[in-house]
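Below are structures written as structure tokens.
After this come two complexes, each holding chain A, first together with chain B and then together with chain C.
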Partner chain A sequence: MTDLVSPPDGIATNPPPASPASDKKIKTAKKTGALGIGGWIASIWLITLTAAAVFAPWLPLDDPAKTDFSVPKNNSSPFTAGHLLGTDNNGYDILARIVWGGRVSLVVAAGVLIIGMLVGGTIGLLAGFFRGKSETLLMASVDVFLAFPALILLIAIVAFLGADLLNVVLGISLVSIPAFARISRATTLTYAQREFVLAARAAGASQKRILVREILPNVILPLLAFGLLVVGIAIVAEGSLAFLGLTSTETISWGGMINGGKKPLQQDNIAHTAMIPAVTMFLTVLAVNVLGDRFRAAFDVKDSML
Partner chain B sequence: MLTADTVHDGALLQVHDFRSYFDTPAGIVKAVDGVSFTLDRGDTLGIVGESGSGKTVLARSVMGLLTGKNVMRSGSARYNGIELVGASEKELRDLWGTEMAMVFQDPMTSLNPVLKTGRQITEGLRYHLQLSKSEARAQALQLLDSVGIPDPKRRISQYPHELSGGMRQRVTIAIALACGPKLLLADEPTTALDVTVQAQILDLLHQQQVERHMAMVLVTHDLGVVAGRTNHIAVMYAGQIVEYAPTTDLFANVRMPYTQALLHSIPKLAQPSHTRLQAIAGRPPDLINPPSGCRFAPRCPYVQPKCNSEMPPLQESETPGHLYRCWFPVGTEAGREALAHNTAAGMPAAVSITQILADPPGGTH
Partner chain C sequence: MGILKGAVTRLLKLLAVVLVVSFLTFSLTKLLPGDPVVVLLGPQYSNVEVREAVQEDLGLNKPFLTQYVQYLGNVAQGDLGRSYTSKFETTELLKQKLPATIELMLLAQLVSLTLAIPLALFSAFRSNSRTDKAITTASFGLISIPGYAFAVFLVWLFALRFNWFPAIGYQPISEGIVGNLRSIALPLTVLVAGLTAVYTRLLRSDLISTLQEDFILMARSKGLPTRYILARHALRPSSFSLITVFGIQFGTLIGGAVIIEQFFVLPGIGSLAIESILKRDYLVVQGVVLLIAISFVLINFLIDILYTILDPRVRRAGA
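== the complex of A and B ==
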């Protein structure tokens, strides 16, 4: 804006000229968008990992189930010939097993996200919208699961149903449903009271239509942001089960790899067999959390601007 | 489905002895207590009253939007001959949107923050009128254009937070008008808006109303808003209509002391600057246990012993169609005597009214 009439001396004009520092900040914020640099690194890490896991059978990797005894002591360190990340004490190629283990983490993450969000989200949505007896019933049945410590319940489920991947996914989903349901119900409660819901009713929309078209789009965003956090928790939960030896030994997973690296670490002071899968899991969970946080912040903007 | 077009008995909306009570832990709140009025096709009724007088509850419960378990409606509200009190949600839904629609007070909250404006307008069009996606879009563009939104093609794909307050209210009006309702209930449509935008929105409502030959109920707390834009005005106080008259007659011959007090509480251009506004002392009565006599009696400058014991009926003045609820109406001999008596007794409200009447600030009123 240009001032047509210059103000008399001594009268402050606003706004004050923007300092170069704040200018720079705005520029970087614009360049990296809502994600920020951390968010970009996190997305690149996750995309690489996902792509590698999905295309694992076609990648030029060693067979993760093939032992290579040509390397000395079966525990070769990273960057040895033929094995970028070295081999473990069984002579397995660690890089190949990280990628194949990523498949398991991916399946667990996706499965838990879909099942937990569909079931938990629906329960919360219905409870928060219809209130009354159905709310009491739905939330009470969900709260029962909150009474058990999650990991103990998970171990019990896996022990009871058997330790294959499907049961692990189902078990973790079941444990995550109460959290999804509570968040979905809380968000639904706030939005169901908003005037635009009344406006939609006044325009002749049915209950079902209001729920699906007016409230759901508002509830799905916080639910997705929370879902990303749950993905991190699910990956760790699967790792914990595998580490404790409660999942099938046939399945290659990061938790199992850490477990396998325990002995070399304690007896022979060889760290990389345990550390590489541990760091991979740590970075993945961190990346998921960073992204979840960024998404939440990005969606909050819309509300705060209202 | 109820067919609205088969019944024609002149009036579009007939409300008779309508009551809307809320059952609360503290007691039964008589938010609307025996309201009657008639609205003809194409006419505008202004409902005026201060906060808590029951005007919003009246508008919403006539339409049937209040469906909580603690809401008790009784009396009669007939839209085009169809009884709305006691109608099921499904029957009402056939009328909502297509026959009657509502514009809400705050466009910040009455639009869905995560849906594009276009989608919010086409929603009703596609659902009620079964238009195709492209037809609905074309219709939405036309609606946005008709409510005075520049560059509708761009606005249609924007989110509510990208629009200004006035523009958002225009969008809510477009949504309300989308399916061509014959009755529009505007619940304080300008209260949340900037003063400079208020007149534009009111003019828009009026223009749309004339074009569409639509009846409108304009709920507001501002007598200035309804002054030039309504055929009739109903002044509400504590859940009752205390004065009901054709707009011109109401301003020319105020009968009810409450209406007079409302008029004096509006600043006028002719007044010298720094004139103190005549606020109405006290607060509206408790609607759980309203006063047994006239409900305005505790705050009224004309109050007499009779007012505290007997509730005045809604009676017609010498002007036909002008109803008021008062024992000692303004502008009559009884009223003048009551005021003189109270002024002599030194009642502050009466003294200040007497002063204003004797020496109208800035000329005649």
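== the complex of A and C ==
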């Protein structure tokens, strides 16, 4: 679940042939629009979450770092007065922390997506286009990365460099770069053989022009589709670090909330402090994956039309 | 002959990978800030004489490459060094922590395959049926659920509401198999859920394309029973990506084990890794990573060989 290195299933490294499965998707897509019902629900959830996260400071929420022991006690259950989702064992308002934790997930998702696509995408593009030694080197380093336990590497980076959010984003990005490079290389390889590249070359286009104007536009969308998948994994990875107590305690994060709720859950029979962030995280990752899935299905259509 | 030669080249490549991993781990632990001697000595660190004596004793004052070569030499003799903090041999620590992790990982893989193969066969054979849709949707959901989030749910349901399984802890097999299985039931379920979902999705999509091949049509027109066609004709050519991913998942499982062992307080390799990273106990970190890398590489080497056994085309290409 925290595997960032191997290309996940469902990602075709070659343009997939039109299969009955994708034909079916085209049909259902026509019925309910490109997104489908699930896609719409997923979009609404993610947009709400993003909006809440972005505007958190201006929303009528409790201070996520303010303890409130006035209500019966700490660990008050959901729907108590003043605390819609209750409070945790420190007396923090859970709703406020969910929203503020969403900010962290958002930063991680955006950061990893940008860095991974820029660095990994470029490496893969160059390796797939120019081939030769750089490609061999790339594949060799991917092999090494595969044998290296990704989560342990991530833990080591964060444990040693310091646990602030920037290092977490950098660490997760670093671990995700080989996967981006692989996808980008594989896609580049298939497009570099296509007739329109040959045509551009015959028309006297420079290597740089072919790379930027002919190949890049075709590589960037499949890469983005893969990126959505990485976004889900990155959110889980940040949560894992926070869950293990390795990120800064000042950063409010869903994983950290689950970690905080672990003891009440396992020892005091109080479930909501861990369940609420766990469910939020599940729904968010699910929504990202549903959208990614729709996105990739849409590309199958595009590929088969080419 | 061809297989043997291919195996030797592959083995050499894998040796190279393990060497690079060991070097990277070694450099990482040396380059990154945080001195084990500080952790070891505490306030006594400011005493220069004591500090230098300890550094001398641990061989930390020698040049970087000398330290690495020395370390490799020791490793080759099966000596992974002594933990800085607990004074145990690293190999001893690994031996203590391995059983729980190995049990968890092997059982997880075994149970997942046992579940995924029939699910995928059914799903692919009756593709687009209601059951297929249910299986596909469920596996999509399970892929999206982070292990620790699922663990929260399982503990709430099976430990709090029903009180069927303990919420934390591990009981070794030596203290009774029933108690042992009860103690790993919930962590195992977390790992199995994710794995089964991955395997089912993969095998289903491969099976669907295999089932459209001419030789399946041929088998059907010969009047062979469906069950026989699925098991004998369709499964084998569809299983290659499953086997590849099976090998890769051992790496993913290690990551999963770190989280799950921490959540359920199991004494495994994952918790050992985290503890030793936090304590700057470099030799143990290196030992753990080396062990993981070697096992991962070996497993995938065996899988490469399995390919040649399963697929005659690979065999001929290698010869």
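Note that the second predicted complex is superposed on the first by the 269 of 306 C-alpha atoms of A that agree within 3 Å, B and C clash if a C-alpha of one lies under 4 Å from a C-alpha of the other, contacts with A are read in each partner's own complex, and residues count from 1 in each chain.
Note that contacts are C-beta pairs under 8 Å (C-beta built on N, C-alpha and C of every residue); 3 or more make two chains touch, one makes a residue touch a chain.
Worth saying up front: this structure is predicted, and the values here are computed from it rather than measured.
Trainee: Is A:62 contacted by the first partner chain B, the second partner chain C, both or neither?
Mentor: neither
Trainee: A:269 contacts which: chain B (first), chain C (second), both, neither?
Mentor: In the superposition, A:269 contacts chain C only.
Trainee: Between chain B and chain C, whom does A:196 touch in the aligned arrangement: first, second, both, or neither?
Mentor: Only chain B is touched by A:196; chain C is not.
Trainee: One more residue to check, A:258. First (chain B), second (chain C), both or neither?
Mentor: A:258 contacts chain C only, not chain B.
Trainee: Which of the two, chain B or chain C, is in touch with more residues of chain A?
Mentor: The larger set of chain A residues in touch belongs to C.
Trainee: Name the contact category of A:93: first (chain B only), second (chain C only), both, or neither.
Mentor: Neither partner.
Trainee: Return first, second, both or neither, reflecting whether A:135 touches chain B, chain C, both chains, or no partner chain.
Mentor: Touch status of A:135: no partner.
Trainee: With both complexes superposed on chain A, which partner does A:238 reach: first (chain B), second (chain C), both or neither?
Mentor: neither
Trainee: Pick one for A:204: touches chain B only (first), chain C only (second), both, or neither.
Mentor: A:204 contacts chain B only, not chain C.
Trainee: Spell out the residues on chain A that touch chain B in their complex, using ranges where they run on.
Mentor: 194-196, 198-206, 209, 213-214, 217-218, 221, 302-303, 305-306
Trainee: Would you pull the chain C residues touching chain A in the complex into a rising list?
Mentor: 17-18, 20-21, 24-25, 28-29, 32-34, 127-128, 140-141, 143-150, 152-153, 155-156, 159-160, 167-168, 194, 198, 201-202, 205, 208-209, 212, 241, 245, 248-249, 251-252, 254-256, 258-259, 262-263, 273-274, 277-278, 285, 288-289, 292-293, 296-297
Trainee: For the complex, which residues does chain B have touching chain A?
Mentor: Interface residues on chain B, with respect to chain A: 63, 65, 93-98, 101-102, 104-106, 108-115, 123-124, 127-128, 159-161, 172, 175-176, 178-179.
Trainee: For chain A, which residues are in contact with chain C within the complex?
Mentor: 1-3, 5-6, 9-10, 19-21, 24, 143-144, 146-152, 155-157, 159-161, 232, 236, 239-240, 243-244, 255, 258, 261-262, 265-267, 269, 271, 274-275, 277-279, 281-282, 285-286, 288-290, 293
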